[in-house]
Structure formats: structure tokens, C-alpha cells
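Look at the two complexes coming up: chain A is in both, with chain B in one and chain C in the other.
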Partner chain A sequence: MFLSNSTLGEVVRTQVKFKMNAYLGTLVSLVFVQLLGLVFSMNGTSSMSTNINNTDIQVVVVSTDTVFIFVAIWALFIGNVITTKGYRNSNLSFVTNSFSNNLSNIIVLIMMSVFAGVTTFLSNNILRTVLPLFNNVDYVKSVSIIDDPLGSIINMGLLICLILMISAGGYLWGTLVYMHKAYMFLLIVLIIATPTTKTGQMILQFIFVDNGSLLFLIVKLIGVSIVLFVLAIVCSNRLEVRR
Partner chain B sequence: MTVIDCQNLKKRYKRMNALEDITFQLEDQKITGLIGRNGAGKTTLLKVLAGFIRESSGDVKVFSNNPYNNLRVSANSILVDDQMSFPDSLTLADILETAPDFYKRWDAELATNLFRYFRLNPKQLHARLSKGNKATFNMIFGLSTRCELTMFDEPTNGMDEAVRSDFYRALLKDYIAHPRTILISSHHLAEMEHLLEDILLIHKGKVVFHQSLEEVKEYAVALQGPTNLVEKMTAGKEILHTKQLDSQRKYVVIRREDLPLIEGVMIYPVSASDVCMYVTDDRKGGIDDVFK
Partner chain C sequence: MSNFAMLSILPFLGILFIIWRILRVAKSTSNRFNWSQRLNKWVLYIYVGILLLAAFVYELISANGDEIVAPKEYTMLKTENKVFQQAFENNEESKFDPNFLVEEWTQELEGDTLEIISIGSNFPTERLNIEWTDSKEQLVEVKMYKTHSYMDGINLGEEIPLSKIEIKDKQIILKAPPHKELTYYRFSNELAALSIVDSLDVREQRRVLGYTYIYLKVPKHINVIDKDGLQFY
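And now, the complex of A and B:
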């Protein structure tokens, strides 16, 4: 009898390759969501007008915040959807165990977050190029990578980590709901309770507000992502499939 | 070498006990038929062996490991059933291309040849296949993995007559070329009897017997003849099945033993399929009695 021995690393690598191939559609949806966000961003998020010596000056702040909000919703959805029954069962049709399945899912989510973060950051440039074509704009001022490389990289890293944390939240959510439908209500309660209760506000403040630098925030976001992922791994270890 | 070793295996679901007490061992390089009636626990047993679900109590070992969440068992075993699913974004051809990454002994030639023979469309999506074609594709996938433990759960469900007989033939040929442990569950024992070496009969979550096909065929005999004579001969014996043929003649199946020859009473062998059916029948009377 010949038994093939696959190591965890090998299996995870094959799984990641397979999943990136199989989930290509999600990246298409990401681009679609980003384009939608860009369309909504065109009008600007705030504007201000002044009049100096009979010259009207209108300053319109245009940002890719809308794009980010759309991408954040996308990340939550993607993290959630890859834990659903169909995805889970089709992953289990190939060699895997719960841990390698989780690990490869997490790696796929990290890769997707990097892609989403970088493209969302760069979508700023599309906006800059397209705005003068459609609006009566004379001058677009914006910080580009060349002006401030370090700051841009930190911003990009921040975006990536935020998206990763949101997808990690979606992943844990999906895992819990897969275990028992009742977790759905618990999570809704949690989402409402966090910004409205004192403890919830304290947690939010600890993560997002009390930061000396952006780098520190990045570290915190990565920490939260790790906690969420580990919780998901622990919860799904006892999960049965194809019932 | 022992491939599967189950000791007092139990599986409880919320409202029922699917497996009550399963104890058996499976040696390597044998084709075993897992036979049982609807709801006997065949599927549950296979899912436990494949590591999809966890046993409630007892001990289960596949390749000397507990199969649940075990990478080694997953790499060396496959369960082919109608719940197999593949991502919607991959075509059948893509799936066959991905498989060798996972299964080191994947037989690409066999896969392509079978795929062509059964005229499946390589651009089709797995979820869009008809029931019969899906079963055929799953079977091709299962055979091509060449896993040391290959399990089929009702593989012929949905296949037409021609594909069924082709499937049995393909399975046998591939098994002879590459012997491995194959476990097939089915309730059509008669149609795949020629493949099997051993039979594992389970009923209500318990093992009834685990014997070679020859032994099962020798398990029982049928007596047919005038009612009074047959009743006299079978008095005090364990009766497996009985049927009143008409007002005078009776048909009774009992465990095989040396019986005196009596004029007018015919002794017939009982097929393995009938043995399995009679042994697991805990009803008194047949379907005819419902309509009396």
C-alpha cells in the first residue's frame, strides 16, 4: 500500500492556487464596486464658495471615501461568502482539513485585501484624470505618490489593513452563522450595541482614536484581524461538513 | 494491512441515532459492498470514514488515524457521492486540470479517456450537469484520484442502464490494474454482485454481518413445497422469510444446514441479494399484507 503524505504547507499552497483561480469572479465584482464608487464620488463630498474681489472661488473636495465605503461593504461580503455552504463543500471536494482550509481562506483574503487596498488607493488617480473632462474645473490639487512616497505607502497600508480587518470580521461572522443561525441575531445586536454603549465606544476609541501615529493604528488593525481569524479557526475546527 | 478499523462506532444526530454500534475491519486491496436498507446508516458511516463528520463515540481509524480533520486521510481517500460540489467558476475541464495538484497519483490519461468515452462537455459547469451526467463525472473523478481508499455512495443513482454497466466494468478493470481498497454502498446488490469480494451488511446502524460473497450466498436455503411438510421441516428453526405461494404450497427461507430430503419439498439456493433483504427484514409479512 502506498500512502501519499502531503504536508500542511503543500496543501495550503495548492488550495490558495486553486481558490485564487476559482474566486476570480470576486475580483471582477471588486472592480465593479470601485467604478460605482467613483461615479458617486464625482460630485465631491463637500464644497465651499468664497468671493474675493468679484472673483468667485469654489473649492470642491473630492475624495475616494465613497469608493472606500463601497469596498468595505464588498470586503465584509466576501469574507462572509467564502464561509457559506456551497464554498465550504466545494473546498472539501479536494484534499484538505479544517485548518488548511481556514489558512488558505485567510491567505486568499489577505491577497484580495492587498489588491483591493492598492487599487482603491490608486483610484484616486482615475478621479484626478477624469474630473477635468466632465466638470468645469481649472485646477486639481492632490497628493500623489511622488510628492509624498512614505505617506502614500502608509496610507495604502492603512487601507489594506482596514479592508483586511473588515473581511476578517465578515469571515468570523460567516463561520459563526454557519455553526448556528441564531448567531445572526447576536451579531446584529453587537453591531448596534458597539457604537451606542459606553463599553463599545471605549473599544472603538481604543482602536481608532488613541493612536500616536498611523503606523500604530496599522499594528492595531493587524492585531484585531489576527484575533478575528483565530476565533474563526477555533470555532470552525469542530464544524462538520456535507451533512 | 488494515485500512479501516471501527470499534463500537456510534453517531448520534439530534433526533436519531444514525449509527448504533459499528465494529468491523477492512483489509487493503478488496472491493467491499456496503449493503443496507434505506436509513440503515450507510451514508453516515461513509461520511465518518471520509472525515466529513465526527463520530459521537467509539473508535474509528483509517490508515491508523482518526479520519476527522486529518490531512493524511484526506489525501489518501475520497468519497464519491451526489453531494460532491465544485466551484461554479470552474468548468469540468478546469476541475480535471486542478485535481492532479491535490491528488498525487491522479491518472490524467484515465480521466481524459473516460471523459471522452462518456461524451461529457468539457466546457460545462458541474452544477449544470444532469443528474446522470453528474454521477458519471463524479465517478470519473473518484476513479482517477486512485486514492488508496476509494468510497462510492450510491454511485449509480441517476445513471442509465448502459452507463451503469460501463461503470461497473470500468471500476473492475481499473481495480485489477491498480488494486486498492474500494467500498461501495448500494441497495442494488444483485447488479454489482460480480464485482464484490466481501459484503458488509448493516441494518439500523449495526453490522449484521461482514463476510465474503461466497459465504453470503451459502448463508441460507429456501424450501418450497406443500405447506404441512415445509412447516414440519422448519419447525424450531430460525425462519428468515416466509411466503404462502398458494393455498397448498409454502416458500420458507432458513439458515443453511443439513436437511433431510423429503419428497415433494424442493430446496433452492438463495441469492446474496435476497439473503441481505431477508436478514434485514423486521416486518411480519410482506407488502401484500398491507392490502388485505
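And now, the complex of A and C:
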């Protein structure tokens, strides 16, 4: 018998609030990771060149790809880190069970992914402003948020979903590692196996290539994220005693 | 596993290691220093503020005079170039777009020989064609045309220097412009990695490459010496 009965929603809300405050440092690390990515982006992501009348013309395209690679790896580690012992111990402050703990972790990862996605998208504007000021080159006025608001929202959504999927992968990885240390090497095996095996290539092609539109890709990414989170919850439920 | 696949994984593993080190250092630093929550919040507020400010400032920056051409305009520009090229090859001067005309000269020759010389470049930078006329005079007409050149929204026609034409009594000397390098930055909100095939197509569509054309009207009795093989048609 308890003096007060808390619903699952209340428990999760309290945990999310606490965890967002406790994990604020991870968002600061995201800022540094993005700044590092921006430094590496300064030479451009791709370029196109041609020669007309003895004049070499080069158009350097600066996109968010490099920053995204850095943020994706950050997301992988963050998904993993919140399943580690230190972070799990913080749950002792709450009356909780495995499900509410997982649910709050997932919500925290979603919120972090939204922040990471939006800031990754906006980070391109720093280069847009800084590069023309400090480089003696011309630049082409490119599509901005105001020019194409719908396209910007879709691209932002795509970044958020990609980061969420990667953090979900990290979360599942972390849960597996918590079950058995041998799973630590799973990530390395997956990184090498996915692009080099036929099955891995088929999975990558199904997710990233066979898409009619970016919206379809977003739906697929959300689907994959849900599958990864459910797998993590199922694996986590098998851990009855805290180790 | 191919060597290429192995090599393509190496940078990824390198970045993985760098991020892992950053997180480790961040963790150990936060353990040693009392990095307060308030400071964390301020760092995030300032960063988000800078991002929003950069988005606002970008709208105010002018684009060095370059102009954006809508995708459907490229088709029109390509068609105009193609029509000119065909008319040029077929010696149909009446079909030449007068907007492409850059300069024209008339020169009276001494003797019955005209030599065309190209200097300043290993490869000819101009396309040349000769229309033979029935005139008995010694007059040679020279016209220089330039078709549209756009790349990724940049009007290259304004940036690319033209060949110089020097006409002497028995010679036409085409001087290629000095070597020049132009670099432009173009920014994209899209992840290039996810739309590499599409973006290559789109970028190819956004490229219109024009040429410099030299059109000569020479009387039939004049012997033209074209050592550099400038006359393609």
C-alpha cells in the first residue's frame, strides 16, 4: 500500500525531466563535435570543375555532410552511453521499472536527436556566413530557409530521423553490451560487414536508395528506429537483476 | 573484401576514434571541474543564438553579382546554344542569334593568302568556320560570337575573358586569354551522400557550356592557311 499512486506517464515525465538536466553535458559535447565538423567542412563536400577559354572554373559545394558524419558518431555513442553503469545508477533515485526507464531513455534520445538535427541543419549557415568573409572567393547565393521553407523542414526532419536511428542503434548496442561484454565488438563487425556483404548492401539499398521521395525515406528511418528501440526494450527486459 | 572497401572504412574508423576520445576527455574534464548546469545551459543558448544569427546574416549578404537561373531556363539556354552551333556548322549566318555577336571587323588583304594563327594555348579556345564568297575584292569579314555559359547558377559569360583577335595584312592571329582560375562556393541544405545520383543529374542539367566562335567570310580566290587546324567544319 502506498501513500500516492504514480501513473506510468508521471514516472516517465519525472525521469525525462531529471535525465535531460543530468545529460545536458552531452549536448555541450555535441556543440564541440559540430564545431569540429564545421572545421573539416571548410574545404567543401564536393566540387565540380571545367575549363572554358583557358579559364579553370571550380564550384565547391559546401553541405552538412561532414558535420552530419561527426554528429552521427556522437549519436551512436550517446545512445550507448546512457545504457552504461554510471547512467543506470542514476535511476536508483526513482521508483521505476525497466519499461519506464527504457521509455524515458527513448524520449530523451528523441529530444536530443531533434536538437542535434536542427542544429546540424543550421550549422551550415555558420559556413555560409564565415567562408565568404574570410576567403577571397566569390560565392553563389544558395537556397536558404526563407527561399525554401518546406524543403528545409523536410531536410531537417531527415537529419533528425537519421540521428534518431543511429542513436537507437547505439542504444541497442549499449543494452547488448550490458548483457554481455562480448557484444562490444558487434559494432566494429557491423561497420565492416554492412557495406561489404551482400545482405548488408541489400539492407542499405532498401533503406537509403529505393526511395521515391525524402518523405518515404523519413518513414523508413522512423520504422527502423522503432524496431531498434523495441529490440532494446526486449533485451533489457531479460535483465531481471541489476548488475 | 576489396581493397577499396577496406580503405573507405578507414576514415570512418578514424572519426569514430576521434569522437570517442572527445567524449572520454569531456567526461574526465567534467569529473575534475565543477562544470555547472547553468554554464552548460549558457553554452547551449549562445550556440543556438549564433546559429540563428548566422541564418539571419546570410539573408543579408549579397552574392557578388552572381545570378541564379531557374532550372527551366537552362533548357532554353541550351537550346539557344544548340541552334547557334547547328547554324554555325551549316554556314547559315542568317540564323545566327545577334545577341551572341561580340565584335566584328573588316580587313583588306594584301595578296591572295590569309594565314590563321592561334597562340597562347595548347588547345584552340575558339571554333572557327569559313564562308566562301564570290566577291572579287580583297575584303575579309571577321565576326566573333560567344554563346551562353552558366554553371551552377553562375553566369560565366561575364567572368571568362575572351580571345583577342589581331588582324594584319596577311594574317589573323587569335590570342587565347591568359590562364585564369575562378573558384565559387555553393551551399546546400541537402545531404549530398543521400542524393548523389540525383545531384549529379541535377548539376549536369544546371551546366551550360558555351564557346567562342569565329566566323570568317573570305572570297573564294583567297588561299587560307590554317596550320593549327582551327577550322573544324
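In this section, the second predicted complex is superposed on the first by the 220 of 243 C-alpha atoms of A that agree within 3 Å, B and C clash if a C-alpha of one lies under 4 Å from a C-alpha of the other, contacts with A are read in each partner's own complex, and residues count from 1 in each chain.
Please note the rule applied: a residue touches a chain if its C-beta (ideal position, glycine included) is under 8 Å from a C-beta of that chain, and two chains touch if they have at least 3 such contacts.
All figures in this text were calculated on a predicted structure; none of them were measured in a lab.
S.K.: What does the overlay on chain A give for chain B and chain C, a clash or a fit?
M.R.: fit
S.K.: Classify the contacts of A:25 with the two partner chains as first (chain B alone), second (chain C alone), both, or neither.
M.R.: both
S.K.: By the touch definition at the top of the document, which applies to A:132: first (chain B), second (chain C), both, or neither?
M.R.: Second partner only, chain C.
S.K.: Kindly classify A:11 by the partners it touches after superposition: chain B alone (first), chain C alone (second), both, or neither?
M.R.: A:11 contacts chain B only, not chain C.
S.K.: In the overlaid three-chain picture, which partner chain does A:98 touch, first (chain B) or second (chain C), both, or neither?
M.R.: In the superposition, A:98 touches chain B alone.
S.K.: Tell me which partner A:237 touches in the superposition: chain B (first), chain C (second), both or neither.
M.R.: After superposition on chain A, A:237 lies in contact with chain B alone.
S.K.: Which one hits more chain A residues, chain B or chain C?
M.R.: In the superposed model, C touches more residues of chain A.
S.K.: Looking at the superposed set of three chains, what is the minimum CA distance between chain B and chain C in Å?
M.R.: 7
S.K.: Report, in rising order, the residues of chain A that make contact with chain B in one complex and with chain C in the other.
M.R.: After superposing on chain A, chain A residues 21, 24-25 contact both chain B and chain C.
S.K.: Within the complex, which stretch of chain B touches chain A?
M.R.: For this pair, the touching residues of chain B are 1, 3, 28-29, 47, 51-54, 63, 69-72, 74-76, 81, 83-90, 94, 98-99, 101-105, 148.
S.K.: Hey, which residues of chain A end up touching chain C in the complex?
M.R.: 21, 24-25, 27-29, 31-33, 36, 44-46, 48, 50, 52-65, 68-70, 73-74, 77, 81, 119, 121-132, 135, 137-146, 148, 151-152, 155, 158-159, 162, 191-192, 195-196, 208, 217
S.K.: Once bound in the complex, which stretches of chain C touch chain A?
M.R.: 1-2, 5, 8-9, 12-13, 15-16, 18-20, 22-23, 26, 30, 35, 37, 40-41, 43-44, 47-48, 50-52, 54-55, 57-59, 61, 63-64, 66, 68, 120-121, 125, 149, 151-154, 156, 159-163, 176-194, 203, 207, 209-212
S.K.: In the complex formed with chain B, which residues of chain A make contact?
M.R.: Listed in rising order, the residues of chain A that touch chain B are 1-6, 8, 11, 14, 17-18, 21-25, 86-87, 89-90, 92-100, 237-238, 240-243.
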